[in-house]
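Here chain A shows up in two complexes: once beside chain B, once beside chain C.
After this line comes the complex of A and B, so read on.
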């Protein structure tokens, strides 16, 4: 599991995840992801287009990060999930508790609205 | 009624140590075992999901006293399904008796626990649990597409 982080206009955080967001992947990237996204006082978009697999420990990381941002009055939007990953997000009802967009442009539009 | 494993020889039989690194090595061995069977990508995803969630559950909860333990995993192919059987000597735990996780409506409602079991139930066509001779046997059928 790899991650790159950049700052987009807004300003907002953009984290791009790459690889398997399973228990090992969440363990590998968790501290950096939390520091880069949850610890910031700004909205964030999370690019899942490079994520080939997600399981419960990955979902926990996304939920805890979104919750931390929410407590500070900020939002986190997921985008780019492939069909299988999107299916897991929906099975776990993540799409009911945080915005899930198809593309980066849609994710940015959610935050701009 | 006790569940009987399929008669056919398993595609794979492994003793998986209760350590995090074993989850990934097991996934790779399972991939080798199913290579060339023509299984759909969706079925393989569900297989990986059940494998990950069940082995992680065992890793976190089955052996509270620690020590060296393993989960005996067997993988079977029958005409209608892939069948995973997990057998371990951990504390008794019937995952089918755990209350279903309610879908959260807000971030604050999202419970940290229960996601793995919920995903396993959604991925499986059927699950069975038995406690036999002091061992847990959890069997998961994944319907072939």
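After this line comes the complex of A and C, so read on.
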């Protein structure tokens, strides 16, 4: 599991995840992801287009990060999930905690709305 | 302990007693502070020194800590600083007859304490694996400076001190491991206290629960209980391992039963439990939970699921397996703003409800492949004409075969509910759940 973080206009945080977001993947990027996204006082978009697989520990990382941001009054939007990953997100009803968009443009539009 | 000849000649009865005290301390249970007090008291007496101290090495930090001294507070030094630091860095005995004439001496401690250091003897403490673990220092020999006989005696004492120190550290790590074992045991007992002792008896239905905790105990729980003519069905999984998740699921379990017993409907109970958990659970902790109520008169099952999915409904007629998603996010993640409607389904004769924790779906074989939903559905379809206990056994056997010895990483929990295919098979059979201590593998 790899991660790159950039700052987009807004300003907002953009984290792009790459690989398997399972227990090992969540363990590998967990601290950096939390520091880059949850520790910031601004909205975030998370690019899942490079994520091939999500397991429960990955979901937990996304939920706890979204929750931390929400406590600061900010939002996190996921985008780019492939069909399988989208299915896992929906199975766990993650879309009720954070918006799930198809594309980066759609994710930015959600935050701008 | 073998004494160098020159030192042995000078040993008085009192010296011998002091050294024997240290030696005896090696074979007795002790804590770090007592052991260091014993060693420094012996060093002062045997070497006729005004002061003695033992500095402990914190290798990752590159610092030395003064753990015991007769009247100095705990202080720290970087490796290489002062006579103590130089001794640690060079790992050799440093005998200085006039400290103020030695450029390595740091007079700051004297200034703070009001003590006047004249001479010092500083020795490295090296364990049996040749690792530096600290430094012993004695100050101000009564009546002059430390000589070579003192050095030999001090080196023997330092060797004893190093052995004792290594033993204390080993004891401490064993105690930490024992505390960890006790915590895991307590968490496991807590988890088990929430599980049903016996499967409820419900005419026309057969049900079976399985709980196989992982070695470090995850946060699974389940419940099958009759409440006011209805069957309560719960499968929960709290984040993490150890005592925290065990407490979280115990709380969730107690709140849920209480709310339902007080007459709350499914939606109210679910929302109340979620909102209370979101207040009391620490950040990043939550519980995925399926909560369902079966009306055995109508065979209608109504459920809400916080992050727990897939929920499998196996139809007897054609063997099709319908997977339902969670209706909301995991319990306790945040307060519920808008609760999605509960799912209603009807169990036809021979139908099954299959609830399995993610420890089943995400069990990985040695190649990292997960057991997954399709395998569960296949095994369930093949076994749909048998009993719930037989289906549980078949699922576990299939999982075991799939794992090929790969260790179990998470709790495994199964809750299987079967509506018997015909009224003639309604004979009441009381079955015991399977709460196995043994893990799947490894």
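The rule is short, and it goes like this: the second predicted complex is superposed on the first by the 113 of 113 C-alpha atoms of A that agree within 3 Å, B and C clash if a C-alpha of one lies under 4 Å from a C-alpha of the other, contacts with A are read in each partner's own complex, and residues count from 1 in each chain.
Here is the rule we go by: a residue touches a chain if its C-beta (ideal position, glycine included) is under 8 Å from a C-beta of that chain, and two chains touch if they have at least 3 such contacts.
Since the model is a prediction, treat every value here as computed from it, not as a measurement.
Visitor: Based on the superposed arrangement around chain A, label chain B with chain C as either clash or fit.
Guide: Here chain B and chain C cannot both sit on chain A without a clash.
Visitor: Taking the superposition as given, does A:27 touch the first partner, chain B, the second, chain C, both, or neither?
Guide: first
Visitor: Kindly classify A:106 by the partners it touches after superposition: chain B alone (first), chain C alone (second), both, or neither?
Guide: neither
Visitor: Is A:84 touching the first partner chain B, the second partner chain C, both, or neither of them?
Guide: After superposition on chain A, A:84 lies in contact with chain B alone.
Visitor: So in the superposed three-chain picture, is A:63 touching just chain B, just chain C, both, or none of them (first/second/both/neither)?
Guide: The answer is both, since A:63 touches chain B and chain C.
Visitor: Under the stated touch criterion, which partner chain does A:96 make contact with: chain B (first), chain C (second), both, or neither?
Guide: both
Visitor: Of chain B and chain C, which one touches more residues of chain A?
Guide: It is B that touches the greater number of chain A residues.
Visitor: Looking at 129-137, 327-335, 345-353 or 417-425, which bit of chain C clashes with chain B?
Guide: After superposing on chain A, the clashing stretch of chain C is 327-335.
Visitor: Indicate the residue numbers of chain A shared between its chain B interface and its chain C interface, in ascending order.
Guide: Dual-contact residues (chain A): 22-23, 55-56, 59-60, 63-64, 67, 70, 91-93, 96-97.
Visitor: Given the complex with chain C, which residues does chain A contribute to the contact?
Guide: Going by the criterion above, the answer is residues 22-23, 55-56, 59-60, 63-64, 67-68, 70, 90-94, 96-97.
Visitor: State the interface residues of chain B toward chain A in the complex, per the touch definition above.
Guide: These residues of chain B touch chain A: 20, 23-24, 41-42, 45, 48-49, 52-53, 56, 103-110, 112, 115-116, 118-119, 122.
Visitor: Which residues, counting only chain A, touch chain B once they are in their complex?
Guide: Answer in residue numbers: 22-24, 27, 53, 55-57, 59-60, 63-64, 66-67, 70, 84, 88, 91-93, 96-98.
Visitor: Going by the contact rule set out above, which residues of chain C touch chain A in the complex?
Guide: By the definition above, chain C touches chain A via 237, 239, 283-284, 286, 288, 305-307, 309-310, 323, 325-330, 333-334, 340, 358, 362, 370, 409.
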